[in-house]
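There are two complexes below, and they share chain A, which is joined by chain B in the first and by chain C in the second.
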Partner chain A sequence: MVKLLLFECRKHFLKKSIVTVILLFSVLNVVKIYSVYDQTSLLSKSTGSDWNDLYWEMYEEFGGTITKEKIDKLMSIYGPLDKQTADKTASTAIDNPNTYTGNVYNDTYFFRWNFVNPMEYAYMYRSYANDVVTAAKENLTFFESLGNQYEYKKNAAIADRYIGRVISDFSYTEMYENYIHYDFSAFLVILICMYVLINVFVSEKETEMDVLLLTTKAGGTKTVIAKIMTSAIFVCIVCFWFWLIDFAAFSTIFGSLEATSSPLYVIENFANSSIGISLGEYVVLSDLLKTAGILVLSLVFLLISTLFKNALFPFIISLFTTFGFIYMQELYMGSGHILLKILNPFALVVNRELFRKTEFVSLFGYPVISYVPAFLFAAAWGTLCILSIVILIRKNTVNRKG
Partner chain B sequence: MSLLIYEMKKMFFHQKGLLFISLFFILSISTLLVFDTPKNPDIEMNSKQYSFYINQVNGALSDETERFFTNESKRISEANVELEKAYNDYYDGKISEDELLTLSSPLEEIVKNESGFKVIFDQYTYIRENPDNRYFLSTNGWDGLLSTDSLDLLFLLLLLVLVTPVFCSEFANEMDSLHLTVKKGTRVHAISKVVLVIMTVIVLGLFTSLLRYGFFEIKYGLEHGDYPIQSLSYFGTSTKSSTLFSTFIWLSAIKIFGNLSLSMLIMLVSVWTKRYALTLFSSTAVILLPYYGFSMESSKYSLPGPLGFMVSTGFFRGSEYEYNIVTDQMDVTFEEISMKAMLILFVITLCISIGAMIVIIIQHTNVWSARKRRHWLTSSSMMLVLCMAVSSLAGCTSNQNMDDYDVYNYSSRQSFENEQYRFYVDETNLDDIRLVFEDKQTGEVKNLIRNPMQSLTKVETFIYGNGPYVYYMKHDSEKLRGFAYRFEERGKVSIIEVDTTTFDERIIFEKNLNSHEDNFLGLNSVDSVDSSFYSGIASFFLDEKSIYFIAQDEIRQVNRLTGKSNVIIRSPLLRSVAFDGQHIYYINEKYQVVKYDTKTDSETVVPDIITTYFVLTDSELFFLNRKDQYKIYVMNLEDFTFQKITDKSVLNFTLDDQYIFYKNKVDLKRYRIDRDGQNDELVQD
Partner chain C sequence: MKVTFKDISKQYKGKYALENFNSELENGIYGLLGANGAGKTTLINIFVGILKSDKGQVLINDVDVRSLGIEFLSHIGYLQQYPQFYKNFKVMDFLRYMCVLKDIPKEQGEKRAKELLEIVNLSDASTKKIGALSGGMRQRVGIAQAMLNDPDILILDEPTAGLDPQERIRFRNLITKFSENRIVLLATHIVSDIEYIANQVILLKDGQLLKQDSPQALARGIEGKVWNVTATENTIEEKLKHLKISNMMRNQDGIHLRVINDEKPDAHAVNIQPNLEDVFLYYSGDGERW
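Entry: the complex of A and B
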């Protein structure tokens, strides 16, 4: 079987064109990541600010564990700035020697966006989490009195997840914030998978080798399984390669790995996150789930390709289907219709949507946190595809024999 | 010629080209029918009133038009004041009915189209910025036709499916080697294939343009094609001088050129690689990667190659800027493509295409590689898969049945009472205004919103209730990342149904408010025009099919399933509105109570009531009688009999099952009176 895997691998994946495409797309990916930095980072030069050096200088002072001294010191700088600029009458001179950046307004924005707002959020999160726990515990008595067991269990789970949540450190989160919201690499991976995988079954049909394969010992199901397995290995390798590039490029271009150990909810959009793991752990989890999502999509591509005898229709239909999945995913982005959101295997690819909020789905009257059924649904899709492939290929071979 | 006909037969019949072309047109038409929304919905919702004005000011902004706007705006505001005065005088008995009629009819004529004036005035403020090349016209048709920079993905797929097999199928069938042995099998054959592709792409391009033209002509109308392109705000800053119609012709031609150059590229790659997968993949990547990869919109137009030409509208757009708060300057968000740059791009792309054609012909004469014969799968399985894919695009929404309706009154939009609970807005702490409910038996007060995680969510302070169900509206937001979006929030507005027997929540309506950068590819476009409407809602009520939103001077009916909205009621005084499950009661500009039937979309005036304020119950209508010094009256809705409740003039009132609470107009004190007019007493606060 191992030999079979190796042969399949050599036959379909170790091709010059594929390696070239992967390398080319990797370069494109890095360029795109740079453009993300260039356009969205507060510290990039193209935003017109020249805050990078100053930021890291100040970060030395204010970064790390949030203490009262740090807050007082920050407010002693920001408070007067805020007052001066509140009525928009302060001087607009750009060479003011009493400022950090040369301009009072610039100073205000610099401290407000980079330090005051994020630090305030981090500092206040503890009380927010406490409020959530208190409200959830109140709900326990309320729903118990109503006999609503589902909501009771749900609130118990919420209280359990939010208890003890605190952001103790102030850290530079911009890199992770952008990394989590970055999707272009996934699109590149999907295109590569589409291109490579539609050939896996089609190439033998084109040369009519599939008939010959049936006469061999390892032909039939064994070959099919070997093909599916090598495809899965290929998808995983490509995915991990691109996720690696993503992470390396983001950390290099943004120039920081700060916040790796900070909790996920340090990013404001994840304030209601269902999980309390660190950003570093989340990156690993997210990459694994993205890979799983793309694996399911790849199985869909494989299934489509088994229905045809050349690559034309499988490619067109796979492209169409992918757009369908993406369209549905985008339609229910941020939506409260959780079931419709998680039925789509593409939810795993854009998995920030699964972890951004604490959402539950009723499974036989029991509240299950949304990412679990999302993963199960994707697994079911995948299994369905594998089964269909095996059944369809078998049927074809029987027909051929007849 | 006969060779061309054989190739045509092969492409359209043997390779089922006609089937795909028909499928493409069916899908295109359905997409247009289902997904097209007017760029300026206010024009469509006020079409009658708008057309009254647009017909008068069509064309360039002249001194006369400018005067017209100043006068009309003055005329309308004066007419509104005078009309109000006339009715007040009439109800106070100062003028007779005949006098009122003489006075009011010309005034009513003036204010009849006020909502249309508002829409056209917005247009006027845009045109005023640059009156030389911005003309008045009804923009939705031309905007739909021209103001879009989305790539036609269906057309891309059609091109791939039609053009790829032109050469690839020969390699697959090993026919190419056979062809070389016949007289016209080499260059002539290749040329005939290329000519066929060119003809097909041109014809398809023309038909697609015609289809879009026809669609927008029928749906919105495409008048005044001779007006400058800058009349549409999408092209507002453009420096190119072109009329709307000639822009359409140009854009269609450029699109056809883009599609032709893509076809050449597909054929080139297919001849080069002789493989379906690589041809399809590289052609798709060349288009989709720059399309989705470039962050700045104008970048895709500065690349030589098919993409810019396939999208094409950007060539006519002007530079656009955005204010950068840090540098205090304007940042470019879209850079205009100059005529020279466009010509250079055109020449480069043309050279690439001609080069591709030459390579195709040369390659074709020397090709000896061979592939096995392939079979096309039956069209039925193809249709099945496509249908599955299409059906995956459809959404689902559940239905809800409600038989009995509790009467809704605008005046009690912040409270609702059912058998067990009383729901209201607790405003004791102004920093924390909450929706709460009181258990009628125990008197306990608790929060209505049970979701503990309220960060990034804002709940509106009005509710609607019906039986055990209470509905509230909330805004969910998401902070946007990055410098440019630091001040924006992505929003979603939802209506939530709470079943008060279990306090389970269910979303019955959702609407995305502003577009954002957070989507995977951005295939869903969001109407940003709606966001201002949804942030200005004063209250809402609903039935099983629609939700009715009350804004300052209109009621909009929004379909719960499709989200399509429609203004059903317009009135300057929408502060007394009631709904009994089928009929909406409201006060019109003549202080009459109008009953609007939501089933038949018809209106009737409730006779003999002149009022500024009313409250509806199951069988009666309590109102302040404008004709009798604002005393409270009640009208029985079955036999239309009246009964006076108070002898005092009243400022406003509320009522519960037993009593009416009212504020006396003279001493401004609160009184309580039984619903039948007995036991009038002062309430000690």
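Entry: the complex of A and C
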């Protein structure tokens, strides 16, 4: 089997054209990440300010464990600035020597956006989490009195997940914030997989090798399994390559790995997250789930390709299928149709939508956090695709010869 | 080795591609001859297990091949019509891959592949990419891969299609070389491919077995039915309309027609020795007129 896998790799994946596409897309990905930094980071030069050096200087003072002293010191700087700019009558001079940035308004925004707001969110999160726990516990009593076991269990799970949540450190989260909302590399990986995998079965038909394969001992199901396995290995390698580029490029361009050990809910969009792991752990989990999602999509591409004799039609159909998955994802992303959302294997690719909220699905009357059934559904889709491929390949060859 | 086809039938959409086909093959070259659509490829696909017959059995030494399971495949070597193989593979690497598919141990496969490349005169091309080979060379790679597992039965489906005359002759000689102690089943609609090398010819028409015999016996079977008729410009049209003609040649004497007819077509017709092409036309060319 190992030899068969190696030959399959050589046959379909070790090609100059594929390596070239991967390298070109990698460069494109880095350029895109730079443009994300350039357009969204408060510390980038093109946002019109030059806050980078000042930020890290202040971060030395205010970063780390949030203490009363730090808050007092920050407010002693920000309070007067806020007052001065409240009625918009402060000086607009840009060379004011009594300011940090040369301008009072600029100073205000600098501290508000970079320190005050994020620190306030971090500081207040404990109380927010406590409120959620209190509400969930009240619901427990209520639903118990109604005899509604499902809602009771759901609220018990919420209380259990939110209890003790606290953000004790103030850290620079801009890099992670952008990193976990970045989907372009996943789109590139899907395109690469589509381009490469469509040919895995089609090329056998184009070269008439499918018939010859069936007349050899290992050319039937064994070869189909080898093709699926090598395709999966290829997808994993391409995914991990791009996830590595993503992480390396984001941390280099944003110039920081701060907040790696901070909890996921340090990102405001994840305040209601169902999991309490660190950002560093979430990156690994997210990358694994993205890879799983792309694996399932790749199996769909392989399945589509088994139905055709040349690469053009399956490529077009796969492209439209992908757009269909993306459309469905967009359609149900923020809606209450949780089941329709998690049925879509693309939900694993943009998995932040599964983790940023605490949503439950009833599984045999038991509330299960939505990412579990989403993963199970994706696994079911994948298994269904594999079975269909194994059955269809032989059938198609036989029908074609017939 | 003995192969028996017993009442093999296969239908597509209610039409027989093969109907009650019975035949017995022993070591030697068998030419499976028939027009396009006669059922040659269907028979081969049933034989190699790609297609399932609706009815009947294929037996090897009186054992049903279905009971042999996947082991049956170690008895056969197969070369399909118009093989392209993998253009980015080198010849030797392709043979190595085929060894893996045929479950041949590495050392044994390596040795056998080198021997076969020597026999098919491709040793110098072993490091060339398949995409860079000519059609004839690719076909020789094809027969080498079919022979890798030293099969008892070699099945070749129209192997000379698209080859130039020189390559065709070279390929015929290779088939003869490989036919020792094995059954070679060669499907073709090109009569010259098998006329001089086949021990027996199986004539198929519309899925039915018309005849199975040696080429000489088949030719003897239509002795007295092939004629040389000389026509003029004035009479040619009439003759073309009414006679079954296997060849036509114009020279100074007039137009010489090779006519297949049960009776003497005209008073001046001269009886001539039939060849396999005449046999093919006699049996499978019903109603074919110019």
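By definition in this document, the second predicted complex is superposed on the first by the 396 of 402 C-alpha atoms of A that agree within 3 Å, B and C clash if a C-alpha of one lies under 4 Å from a C-alpha of the other, contacts with A are read in each partner's own complex, and residues count from 1 in each chain.
Here is the rule we use: contacts are C-beta pairs under 8 Å (C-beta built on N, C-alpha and C of every residue); 3 or more make two chains touch, one makes a residue touch a chain.
These figures come from a predicted structure and were not determined experimentally.
In the three-chain model built by superposing on chain A, chain B and chain C fit together without any clash. Once the two complexes are laid over each other on the shared chain, residue contacts for A:Leu319 go to chain B alone; chain C is not touched.
In the superposition on chain A, A:Thr207 makes contact with both chain B and chain C. Within the superposed three-chain model, A:Lys309 lies in touch with chain B and out of touch with chain C [touch as defined at top].
Of the two partner chains placed by the overlay, only chain C lies in contact with A:Leu4; chain B stays clear of it.
Annotation for chain A, partner touching more residues between chain B and chain C: B. Of the two partner chains placed by the overlay, neither chain B nor chain C lies in contact with A:Tyr100. Once the two complexes are laid over each other on the shared chain, residue contacts for A:Gly336 go to chain B alone; chain C is not touched.
Using the contact criterion defined above for the overlaid structures, shared-chain residue A:Thr223 touches chain C, although it does not reach chain B.
Shared-chain residue A:Phe240: touches no atom of chain B or chain C.
Superposition on the common chain places the nearest Cα atoms of chain B and chain C 7 Å from each other.
In the superposition on chain A, the residues of chain A contacted by chain B and by chain C overlap at 206-208. Chain contact summary for the complex, chain A toward chain B: residues 17, 21, 28, 32, 35-36, 39-42, 44, 47-49, 92, 105-106, 109, 113, 128, 131-136, 139, 142-143, 146-148, 150-151, 155, 158-159, 162, 177-178, 181, 183-184, 186-188, 191, 194-195, 198-199, 202, 206-208, 268-269, 271-272, 304, 307-313, 315-317, 319-321, 323-331, 333-337, 340, 346, 349-350, 356-358.
Those residues of chain A lying in contact with chain C across their complex are 3-4, 7, 10-11, 15, 203, 206-209, 211-219, 223, 397-398, 401-402. Those residues of chain C that touch chain A in the complex are listed here as 12, 17, 41-42, 45, 48-52, 70, 73-74, 76, 78-89, 93, 96-98, 100-103, 145. Listing the residues of chain B that touch chain A in their complex gives 153, 157, 160-161, 164-165, 168, 172, 275-278, 280-281, 284-285, 288-289, 292-293, 295, 324-329, 331, 371-372, 374-377, 381-382, 385-386, 389-390, 392-393, 395-396, 446-447, 450, 452-453, 455-456, 476, 478-479, 481-486, 490, 492, 494, 496, 501-504, 507, 510, 512, 518-524.
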